[in-house]
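The two complexes that follow have subunit A in common; it is paired with subunit B in the first and with subunit C in the second.
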Partner chain A sequence: MLWVDDYRPKTLDGLHYHVGLSQRLKSLAASGDFPHMLFYGPSGAGKKTRIAATLNELFGSGVERIDQRVFLTPSRKKLDVNVVQSNYHIELTPSEVGNYDRVVIQEIIKEIAQTQQVDVSAKHRFKVVVINEADSLSRDAQAALRRTMEKYMSNLRIILCANSTSRLIAPIKSRCLLIRVAAPNHEEMLTVLNHVAKRAGAGSLPEDRADEIISDANGNMRKAILVFEAMKMQSPDLSSSLAIAKPDWETYCYKVGDMIIQEQTPQRVMEVRTKLYELLSHCIPPTIILKTIADRVVQKVDESLKADIMHWAAIYENRMRIGNKKIYHLEAWVVKVMSLYKQFFLGIELGDFDDFI
Partner chain B sequence: MPPRTTSTGRAKHKSTLKFESPPPSKKFKGAKDVTILSLSQRPVLKPGNKPPSSTPRPSNVVESAGVTVKDAKGKGKASGPTHEEIPDDRLWADKYEPQSLGDLAVHKRKVDDVRRWLVEAFSEQGLSGHRRLLVLTGPAGSGKTATLRVLAHEMNFEIIEHKTHVNTVQVSTFASEPSMSNTPDVFSTFLARAGAYTSIFTSARQKLVLVEDLPNILHPAVRARFHDALRTHVEHGPSVAPVVLVVSDAGLCVEASSNGSSSRDVVIDARAVVPPGLPAHLFTEIRFNPIAPTLLASALKRVTALANVRLSQSILNSVVEGAGGDVRSAIMTLEFTCARPASWKQSSRSNVGSIVSTTQKENALLLFHLIGKIMYNKRKGDPHPKSASAKDISRERVLDRTLNDPPPLPPWLATEERRTSRVDVNLLYASTPVDASLFGLYVHQNYTQYCFSVEQCSSLIDNLSWTDANNSENWYDANPHAFHIQALGTLHSLPSPVPRTGQRIFKPAFFSSLQKQQSARDALDQTSNWLSSTGLWSRVAITTELGGVLRTLGRRAPHGHRAFSELVFGQDSMGAVPMGEGDVEAEAVDRDEDEIRETGKSHTSNDQAAYLGYLEDDDIEEW
Partner chain C sequence: MATSFFQARAPAKKKSGKEKENVVNPSLQPWVEKYRPETIDDVSSQEHIVSVLRKTLSSSNLPHMLFYGPPGTGKTSTILALARQLFGPDNFRSRVLELNASDERGISIVREKVKNFARQTPRAEAVASDGKKYPCPPYKIIILDEADSMTQDAQAALRRIMENYARITRFCLVCNYVTRIIEPLASRCSKFRFKPLDSSSARQRLEHIALAEKVPVNEDVISALVSTSSGDLRRAVTYLQSAARLSAATEPPSAILPQDIQEIAGVVPDAIIRKLAQTLGVDVTLIGGRDGDVEMGDAASLTVEPDLRGFDLIRETVRSLIREGYSASQVLSQWLKAHSQLHDVIVEHPTLTGRQKSACALVMAEADKALCDGADEELWILEVALRVHKAVTS
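== the complex of A and B ==
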């Protein structure tokens, strides 16, 4: 299917970078016992690949199957969750069901924890639950997780996978072995891209194209491979520009950023809002919208404004997380930037504006 | 016979009878002042104003009222046969319901629309195949059912009415399969029978199925069954009776939260009632507007003439004003107003005023005007607009005199100094038809038109953002001050006076965005399933990283991925929709047209504006 999936390393030995980490995971798997673990790092760094490879090391290559499980909430609402399952583990993304994630966590853990491993030939007595996107779990779900992690230690291990640990409650962090998977650097990414090119029979990847892809990917290995594949499909000799392989929303965000710089009027606020609505209605996460537009705007403005713009982006991002209507906060940031930018040009001294927050 | 809402009073009187057992002959002599006496008891809201001839133990009586209704009625019936004439104790609204077209308060053109539809539906050929389903929508008391009944009388057709029988609905236990689908079963049976059989009691050749009592279509399963039944019936062709659905606007109750899967249709409107996918030519929607004040006034005059009471013009006017275009409510108020104790005689105006104000419809303040009041941000000492009449100016002066100036702010807060606002936020809050969350969305959608600079915008939107972050959608931890914070913050941020450039009020694009987000999410799930043969992809990764690949895959990619992956700059699918006719909110449309026609003037520009569904800003101020 996709190159990212096809040429994903299956074993710890097959991984191309973070060799030290791979070694540690390997010896951990060999030691017989195994703690709860929390893998964290930027997206596309290879967290899931490492988790899969570790499981492979622990249990050997088992047969994996993909299921759709149905959970029932107390109010009898049905929740469909995709899970990947083998005899030794189950992998799922509870945050898919939004506020009902606690139900999913409780059900699945109860089920796994209360069934003993009956296969005598099994290497380990415990099963593993892999929870993706652990940082977007609700407070309730995290609390539910915390209790069960201690209670069922004898036949259950949990592997959490998150982008950042900042949104996990402290009791969970303290119960896990924290494993940071950093984004690969330029050389590491180049190695992987060349490896993929070779495996896919795509011929050699020209140096300059590779550089372009890597700098655009910004440490996201998955994105780099996807862009590479898209470019390859578009024009087999890789002559087309990178922009063709980029997702639409990125370009769209840049243009919104340009709109903010061009004009600062209430009328323009209205136009920008329409664009923001458009982005939101395409399921682009609001945090990513804010980040992308802010990156673009910051590139274009005077040095003295950059700190302020990012400061307000942080404030409104925080409000966005607490609040309900994302559009208010996105727009509030846009208008704030417009007003800052305009005042900068009018030469008005803002003074200690920030003291009022 | 409709349930008696005045029964409290009747019971009171009759229970007195029961206690004191007066001679039966007195009974119906008393019956006349039953209404009067009883209703005089009703302004409980005014404790200081006791009617003179009250019974010795009024509190006791009121308590027992609810219980004694039944048995008092039984007594009445027992002694009934001794009197030839049984007084018609129905409410005026039912007693004096319109008999002919002349009595109908509905605008002529609406009646004509309905009649034309009926004529076409009953004709032997031509359009009858296309006139199978008519949906009458509009606010309560706008004469939807009355129009139909009058026309039935005039055109001589029979109305078969569907009534939901409450006692046939089984209460399902939670353990078993939900069996709420009972009602739609009844409904489909009803439709099938209504189409097949004719009544033996009428001479009417034609018949029509009227459905006022809708099953609980907010429940998805029930709605599906209802739609099926309706579709089967409608697609049966002209051999079965045409169906008329009457849908009253139940007010605006929109769930304004953006989190998760709250994609419920909470508003019952024509779209929810009509089966989706029904060919457009098969159904017609006719929307009724609130009754115009002029028509309402003449309808009230007719009722007063029939009831043989005399009321001053000023009382009639205040009743009309308070009713907000609801003819049923207006007649109720009228009945209530007339039912005062004899000792009040030509009662003072204050009494009448209080009666009218207690019976006034609660959400008389429409969303449209609420937003207008906030957005125009009128403050003490605003210059008068050129169009203002002398009366308006004097009214504003009087208002300004009542407003006290706040103490001046210290010099370091001089930028926050504003003139005293003419808007009373407490009053708005008391009469607002929407919750703070929806109110915020309306302000958000419209504020930019009323700002001069981005600084004003910034302060306003920051306030909205703050309120949203410090509020919750859950009722138990919602911020009780959200409305006030939003309203006051908005007033504080808006310039004063605001620019007047013929702004129009738009509906929030928020909901259509939410809807599109939902369908994009469905497409996302589809793509995620397509990918899942090799592993789990997170949603964020799919939306943010996969776009390029999906595009190059072309037709090999799952169908529908464009809903989230394709974004073309400059192609906006969501234009803002102005509030207009066909909305719950913009109500004054019909009135304008009527008044223009009746005064014989032709304000083409105004007319056009009304037709397009928005109002000139002056109309808002009048309110």
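== the complex of A and C ==
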């Protein structure tokens, strides 16, 4: 198992940072009138860890199983959904089935709402449904949650987990207690890394290595631990720099960024396209590809170009979401950046020329 | 041992069993349910609608109706209260069918379930067991709550049913977006527009609930609730209950502060918005606001290395905002709407030119649209930040 899983805290007391928040969750779990909740915050901030710890506080440590459940659409199409469940909760990611997510929500909720807790030793009368990636739920699926959240309060609590509240409809937000989970700051991340180092018997983590890992992770605790583990594997005495531990796709994206800066020709566009296909075929999300390449490009260009490059990144990322073929928009952005870059140099040359006359 | 999540529960017994199951210990009930209006006279702020509906209680005449308006303004509550007042608890089940977006409502269900219910002759009036007298008019009511999530086909199938059985069945469609209801349906209904609660009605209702629940709240807390919920009473009530829970949950129990409401509502603290404005080159000291200087206390959570400048500084600031978990739409809407925030910071700014101001407004509008389409939040906050920066420094 990976360190991120092995050393993931299991209880609210075991959580490392946002101690005040952990305290409040603890009191809420004890109070009996536990609300529907929406946990939101950036990736790797510890939302899932916190939700699992809260469930543990509510029900004690239960036996969890991973299952595959089959749902039927009204037109009898079969939908497979992976769920994690115990006697007290069920966790699922309805967005796995795209636009059929409404069916999954309707079915799950109905099943739970219409059954009763018979386990007399259960601490609470309700069961909890944890919905991951709630911000990817279709509007229909969100609508299906609305009135249900009011009607079945006696049997059922919903915990939504999302990166942002932007894409959730107002009637859902107004039915939940919103819990913001901010990313850990530098010191907090350092504490967790040192803790993991100790538990894993990895010796002490040199300060400059830790700094490198933390600045690179941008608040994502999962990423930091993954990189730390990779670093330890590659160089057991932790003597070499971060570069060796970076995930391949990231290095690959940087290479693409460099290619764009080196040469701006139709030939180069073709070469970049091949690389983009390669990245997409490894299931790296196109938004991440675009953002990572853009990061590299803005490191390398003149200050006056940076804003424009990010402007077009924003525009093309948006088009990519609406459109069907991701590659078109990625490529269009690459061409745009090349032409901006080229114009910039032409501009300088022409400018010099003006001065000359 | 490890019985399945679902098998661990016996199927609830029909009717009698179910009735009991829905009796919730009132202290564990969400306040929005506990304080849901019982009669139409309990409905705040929608005086015009209530006065029209009150007449239907005595005239036994009811048109098909379409209720529309923003969330938490009393639509579902009003129709449920009206139905209860018309039929009383004993006839409610046989005379009222409530379907909402969590029920399957495709075209086949409309053709079967809805049609079947619509065509039945209303059951004879059962004697009210509570000794009260109810008008119990000779028709049934079908409530289609959240009707804007019904497909066009399903709506089209409703047209005939509505006409054919109008004598014995009245429909009430409830929705947020009236434009999603097809015109032929909408034109068959009397329309009732529910408006966002005005602040004095919302204030009254909240004070009433706080008093009944013995939660000490002061004027400022109520104001914070009213301003963060923008006319959505359910949101205000949920925030109030959450704040009460959390304040009781701290050790020792503490009083509710306006900041607690802001945190629960996901509002970005003023100081952070101002820090952002300052980073972008907007001179915040020039604006008269609640307090002229940026309070560094709150803004300190935006940790940015001190030696950054230009593009890098702006990008790092945006990233730290994202790391804090604030949502882009919230940041923007605060920039756009709320008092003494960036949009106002810009719109009311004494030394910015009209041109600069309109450039800022334009990019905010574009970003709002992009975010609705699901675009990446970090990219778009950065876009807004960079363009505002460019506009105000050029």
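Here is the rule we use: the second predicted complex is superposed on the first by the 342 of 357 C-alpha atoms of A that agree within 3 Å, B and C clash if a C-alpha of one lies under 4 Å from a C-alpha of the other, contacts with A are read in each partner's own complex, and residues count from 1 in each chain.
The definition used in the following text is that a residue touches a chain if its C-beta (ideal position, glycine included) is under 8 Å from a C-beta of that chain, and two chains touch if they have at least 3 such contacts.
What you see is a predicted model; the values in this text were computed from it and never measured.
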Simultaneous placement of subunit C and subunit B on subunit A, clash or fit:
fit
Of the two partner chains, subunit B (first) and subunit C (second), which one does A:41 touch, if any: first, second, both, or neither?
second
Once the shared chain is lined up, is A:322 touching subunit B (first), subunit C (second), both, or neither of them?
both
After lining up the shared chain so the two structures overlap, which partner does A:61 touch, if you call subunit B first and subunit C second: first, second, both or neither?
neither
If we overlay the two complexes on their shared chain A, which of subunit B and subunit C does A:191 touch? Say first, second, both or neither.
neither
Given Cα centres, how many degrees, to the nearest 10, is the angle at subunit A formed with subunit B and subunit C?
100
Touch check for A:239: first (subunit B), second (subunit C), both, or neither?
neither
First, second, both or neither for A:96, with subunit B first and subunit C second
first
Pick one for A:155: touches subunit B only (first), subunit C only (second), both, or neither.
second
Examine A:331 and indicate which partner it touches, taking first as subunit B and second as subunit C; both and neither are also allowed.
first
In the overlay, subunit B and subunit C get no closer at Cα level (Å) than 10
Those residues of subunit A which subunit B touches in one complex and subunit C touches in the other:
318, 322
Which residues, counting only subunit C, touch subunit A once they are in their complex?
1-6, 8-12, 21-22, 24, 27-30, 32-33, 70-72, 76, 100-104, 106, 108, 145-146, 149, 176, 229, 232, 234-235, 238, 241-242, 245-246, 248-251, 263-266, 301, 303, 310-311, 315, 319, 322-330, 370-371, 373-380, 382-383, 386-387, 389-390
Which of the residues in subunit B come into contact with subunit A in the complex?
174, 256-261, 437, 440-441, 444, 448-449, 451-458, 461-462, 464-466, 468-473, 509-510, 512-514, 516-517, 520-521, 524, 528-529, 531-536, 538-541, 543-549, 551-553, 563-569, 572-574, 576
Contact residues on subunit A for subunit C in the complex?
23-24, 27-28, 31-33, 35, 40-42, 45, 63, 65, 74, 85-90, 105-106, 109-112, 114-119, 127, 139-140, 143-148, 150-151, 153-155, 163-167, 170-171, 173-178, 180-183, 185-186, 218-219, 287, 291, 298, 303, 306-307, 310-311, 313-314, 317-318, 321-322
List the residues on subunit A that touch subunit B in their complex, please.
1-2, 5-6, 8, 43-44, 48, 52, 66, 76, 82, 84, 91-93, 96, 98-99, 132-133, 220, 222-223, 226-227, 229-230, 233-234, 244-249, 251-252, 255, 264-267, 269-270, 273-275, 277-285, 288, 316, 318-320, 322-329, 331-332, 335-336, 338-339, 342-343
